[in-house]
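Following are the structures in question.
Two complexes follow with subunit A in common, the first pairing it with subunit B and the second with subunit C.
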Partner chain A sequence: MTAMEMSAGAAKRRGAGGWRWSGRIFLVLLLGFTVMPMIWMFITSLKTGFAAMQYPPQWWPAEPTLENYWRLVDPSGTVGRDFIQYFWNSIWVSTLTTILAVVVAVPAAYAFSRFRFPGRSFLFFAVLLRNMFPAVVFLVPLFILMKALGLVNTHGSLILTYLTFGLPLAIWLLKGFYDNIPVQLEQAARIDGATRFQAFFLIVMPLSTPGIIATSIYSFIGAWNEYIYAYTFLTRHDQMTLPVGIQRFFSENATDWPGLMAATFMMSIPVVVLFLVLQRYFVRALTEGAVKH
Partner chain B sequence: MAQVILKDVVKNYGDVYAVNHVSLTVEDGEFVALVGPSGCGKTTTLNLVAGLIPMSGGSISIGDRDVTDLDPKDRDIAMVFQNYALYPQKSVYKNLAFPLQMRKLPKDEIDKRVQAAAKTLDIVHLLERKPRELSGGQQQRVALGRALVREPRAFLMDEPLSNLDAKLRVQMRSEIKRFHQDLNATIIYVTHDQLEAVTMSDKMAVMNGGFLQQYDSPANVFANPVNMFVASFVGSPAMSLVPLTAASKDGKVVLQSPEGWEMPLSDANGRKALRAKSSKVVLGGRHSTIKVHKSSVPGAVPGKVYTVEPTGDVTFAQVFVSGAVVNVSVAPTFQLRPDEPVFVEFDQERLHLFDGETEMALKLA
Partner chain C sequence: MWNSRFDYLYVAPAILVMLIVIGYPIYYTIELSFFNTPASLALSAKQFNGLDNYATILTSPIFWKVTWQTVVWTVVSTFFAFVLGLGAALALHREFVGRGFLRALLLIPWVVSAVAASYVWKWLYHSDFGAISAMLSGLGLIDRPINFIDNTSTSLYALIVVNVWKEFSFAMIMLMAGLQTVPDTLLRAAQVDGASPWQRFWHVTFPHLSGVSMVTLLLLAVQNFNSFIIPWIMTGGGPAGSSDIWITHIYQLAFGRQRWGVASAYAVILFIVMMVLGYFYVRALTKGDDARAGA
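The block that comes next holds the complex of A and B.
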């Protein structure tokens, strides 16, 4: 190697190092941008109402308290009673939405993946069509529809609505998984003595478990966090889900910031737990399609 | 084991005929190779026998049963797939047991049969592993095991060796042949490799464009190809085909080239050449029946060496004859140089003549 080539190589390395460092700095900034609000949310939830409003802010509360959390889970107080009710409403609506979405999406996605029928691509496009418009476009039409069906102020209205965007996404995701499972596996099973349904149920379904789990998580989170429809369709307090219910911490005179933050923190727990428990499958699901051939 | 009969089998997708009125009988215990280039309809034919795709017409019977309208599970066949199609989530043991479980055999019977099959194929030590932990050759054995564990009426194999490396392929080739002999199994074997078909099968069915071209023993297909497609598909190197014109001269039939040379034909070959629809006749010859001379001899035609490929015990060469490539073989001591003018002599007893219009072999009445 000549001296010139060497210095060129060194410059290149220096250049690469420079890029690497700026990349790292960017990632740290991005991380801070993402995580800081969550940390601040948690810190605020430990403050008293007075401490939360101080300026300059207390970076760490002088007298940290769990009072805000106790208030939320204490069924003898109004706040606690309401919060627990919202929490269960959210669990109920999200779980039912997820189960229905998966139960319908699994056979639908399988059919789209495996069968060639007239209008197949048109139908598949039509399924996705709903997700190409902002949710707010459908707000008024769906409200009128729900009213006509007598579903306003019921969880049914929410579950049906959530399915209209959760189900297409679930079908679309799952179809990708079924596309990646070689059709010869089912053919082998059918020759080995399985009916078409058994081949699907005994061979293909277990192989798509990671896909089903990933789809369930998406669908659950979508329903869990949804605000605008829940806000529009539900006016009765005992029906409200968490995103809408939490709003009650805002009042005309003063907002209970620590209480609001504690409630928000509590709300994120089920999703985090769900994700941690299932992440093994989730990561596998995201990488699966890349390496199968 | 049982006889498999295809009668006038058709599979079409609109105007496209993947399988076009194919009829053939596979005798009990026979090894039949379905062979042809990609897209010739061989795999579709196999899938029709398996019942994996619906037929457009015709009928198929296995043993004494018409299975045309039966589900794959009721046809009592086993199939080995090109990509093996082992159940990835199941251990080797469970892969082998699956066909027996589906038939609701008692547990101890299943165990007995799985162990026996594993022993036959020398995969006992792999039973607890998952398919992804096996090498290609081992996966291939498991796939064979899953097929033979059930003692089906017929085995269907779809290019089972094409995913193996060259050495393993030759080894598995003899093992499958052995497997056929030991079990006296009826096997329908799809391959695009004519060498596999020739070396393994009792009979080969050569397909092209959805049509069955020829169905006969490899020796007969090799010696008497019915048309130019079969002639050029079977054999390695392929049969050489030279398009010429037939003419009568002094009471004898000769083949004329556009360059002006003539090749006299024997009486029998002359009568064959005259049966062509027009004067267009294609001369065919396999490398082993063609002699190469450095100087002109009676009956030989002029050509020019194109490439020379020594293989050790025989040297292959390509020679341009009237614009067509003719494959020849010579002894390794026989020196040939590219672009050298030579004379090639076709063996009158073993040359082939084809109708230049219909591409069919010309035969005596």
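The block that comes next holds the complex of A and C.
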């Protein structure tokens, strides 16, 4: 190797190393940007009201306290009573939405993946297009509909509405999983005498469990975080879900920032934990449809 | 391959739910947009007024101001979310210790509710006790706390930062998945032929990402066009409408001022814009799907 070739090689390696280093620096900066608000949320939640109202702020509270959290979970105080109620409402609405979405989406997704029927592609586009429409297009008529049905201020109104945006996505995610299960497995079962329903229930369903898990988490998180419908349909405190109920910390005379941060932190824990535990399924399902060729 | 009328039974429950909660509202919104409606929602008293609602909207200067702000919000948010997501996806593509953990941390903003995000950023931006002002003055960049969101010239951009924070990781996972489809052999061949890292990215990786980039950009654009929570909670569209975008504006018209007919006409216009975007979205998304459907 001549000297020139060697130096060219070194330059190339240096170039690659430079790229790697700029990648690392970028990641560190991005990580700071990403986690800083979450950390500040937590730190603020450990402060007293007095400690939070200082400038420059105490970057770590001089006297950290869990008082704000105790207040939220103490059922003998009004704040605690309401917060626990919001929490249960959120769990109830999200769970029921998830179950209904999966039960309805499984057969539909399977049909979209396997069957050719007239209108199939139209229906599939309709399913996809629902993802595009802004909530507000549906808000006014659904509000009027819910009023007419006497469902305003009930969880039924939320569950029914959440299905509208939960279902299309659930169908889309599950279809991706069914597409990946070889048709030959069902054909073999059919040859062995299974009905189509048996082939679906005994062969395809067990294989698609990861897809069902992913779809369930997705529905659950979507319902847990939903705000605009809950904000519009619910005015009674005992019915509110967390994202709406939490504003009570805000609207009173002066904002209780540490209390608000403790409440948002508690609200974030279930979805973040659920996501971190099951993220493998989740990420795969979400991106499945987008990258297939 | 299989064909029977029972096939419809599998999709019937889904279709039924969607007809009720999608078909009916769309029909009703279109209908209401041609009526002068009483504030009380006693809709039997509504009066047909033809295209008056549309004329009111299109001749109002507020409409054009809000439209411009919506375009800025959508384009700037989408651009930065995509660029940060692409950078993160490329930096995370190579295997290293802690990669999975890092990816999970970067995804947290996307999982956390927009309500929680809005409140914590509102606190970070606080005009008296805000941590961002404190950090900037700690670095010697400013003398006194800045009022980021209660300021007509900065509010929209302050909210865009929050929005980018919330959704860049969505672009990141989409593009990470896309990167896995780039054949290693091609990259290695380019390396052997002496292509620089930049050339390898631009001539090999990037063309392979075009499909997934298209879908990601469209999804981000649609999502941003439909944003509500961040502006609604952080500023309510203010101050003086400086961070008002379409959805917050429509919400205010309907549920704040009870002008149901005008709000519906707004929703219909928005709906048409979304249909156009939706057409491209479906086309990008189903490319290749029909090929597989034949299998």
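In the analysis below, the second predicted complex is superposed on the first by the 273 of 293 C-alpha atoms of A that agree within 3 Å, B and C clash if a C-alpha of one lies under 4 Å from a C-alpha of the other, contacts with A are read in each partner's own complex, and residues count from 1 in each chain.
Methods note: contacts are C-beta pairs under 8 Å (C-beta built on N, C-alpha and C of every residue); 3 or more make two chains touch, one makes a residue touch a chain.
Here the structure is a predicted model, which means the values were calculated and not measured.
Peer 1: After the match on subunit A, would you call subunit B and subunit C a fit or a clash?
Peer 2: With subunit A aligned, subunit B clears subunit C, so fit.
Peer 1: Of the partners subunit B and subunit C, which touch A:184 in the superposed model: first, second, both, neither?
Peer 2: So A:184 only meets subunit B here.
Peer 1: Which holds for A:203: it touches subunit B only (first), subunit C only (second), both, or neither?
Peer 2: So A:203 only meets subunit B here.
Peer 1: With subunit A's C-alpha centre as vertex, what's the angle to subunit B and subunit C, nearest 10 degrees?
Peer 2: Seen from the centre of subunit A, the opening angle is 90 degrees.
Peer 1: Figure out whether A:225 sits in contact with subunit B (first) or subunit C (second), or with both, or with neither.
Peer 2: So A:225 only meets subunit C here.
Peer 1: Of the partners subunit B and subunit C, which touch A:33 in the superposed model: first, second, both, neither?
Peer 2: second
Peer 1: Applying the document's definition of touch, where does A:154 land relative to subunit B and subunit C: first, second, both, or neither?
Peer 2: A:154 contacts neither subunit B nor subunit C.
Peer 1: Between subunit B (first) and subunit C (second), which, if any, makes contact with A:192: first, second, both or neither?
Peer 2: First partner only.
Peer 1: If you count the residues of subunit A that each partner touches, which comes out higher, subunit B or subunit C?
Peer 2: Touching more residues of subunit A than the other partner does is C.
Peer 1: Scan A:55 for contacts with subunit B and subunit C and give back first, second, both or neither.
Peer 2: A:55 sits against subunit C, while subunit B stays out of touch.
Peer 1: Closest Cα approach between subunit B and subunit C after superposing, in Å?
Peer 2: Subunit B and subunit C, overlaid via chain A, are at closest 6 Å apart by C-alpha.
Peer 1: Overlap of the subunit B and subunit C footprints on subunit A, residue-wise?
Peer 2: Overlap of subunit B and subunit C footprints on subunit A: residues 196.
Peer 1: What residues of subunit A sit close enough to touch subunit C in their complex?
Peer 2: These residues of subunit A touch subunit C: 12, 15-16, 19-20, 23-24, 26-27, 30-31, 33-35, 37-38, 40-41, 44, 52-57, 104-105, 107-108, 110-112, 114-117, 121, 123-142, 144-145, 147, 160-161, 163-164, 167-168, 171, 179, 183, 196, 221, 224-225, 227-228, 232, 243, 246, 250, 257, 260-261, 264-265, 267-268, 271-272, 275-276, 279, 283-284, 286-293.
Peer 1: Within their complex, state which residues of subunit B touch subunit A.
Peer 2: 47, 50-52, 71-73, 75, 77-79, 81-83, 85, 87-89, 98-99, 102-103, 146, 150
Peer 1: List the residues on subunit A that touch subunit B in their complex, please.
Peer 2: 182, 184-185, 187-196, 198, 203, 206-207
Peer 1: List the residues on subunit C that touch subunit A in their complex, please.
Peer 2: Against subunit A, subunit C makes touches at 1-3, 7-11, 13-15, 17-18, 20-22, 24-26, 28-29, 32, 41, 43, 84, 87-88, 90-92, 94, 102, 104-109, 111-117, 119-121, 123-124, 126, 128-129, 131, 133-134, 137-138, 145, 165, 169, 173-174, 176-178, 180-181, 194, 196-198, 211-212, 215-216, 222, 225-226, 228-229, 246-247, 250-251, 254-255, 260, 263-264, 267, 270-271, 274-275, 277-278, 281-282, 285-286, 288-290, 292-293, 295.
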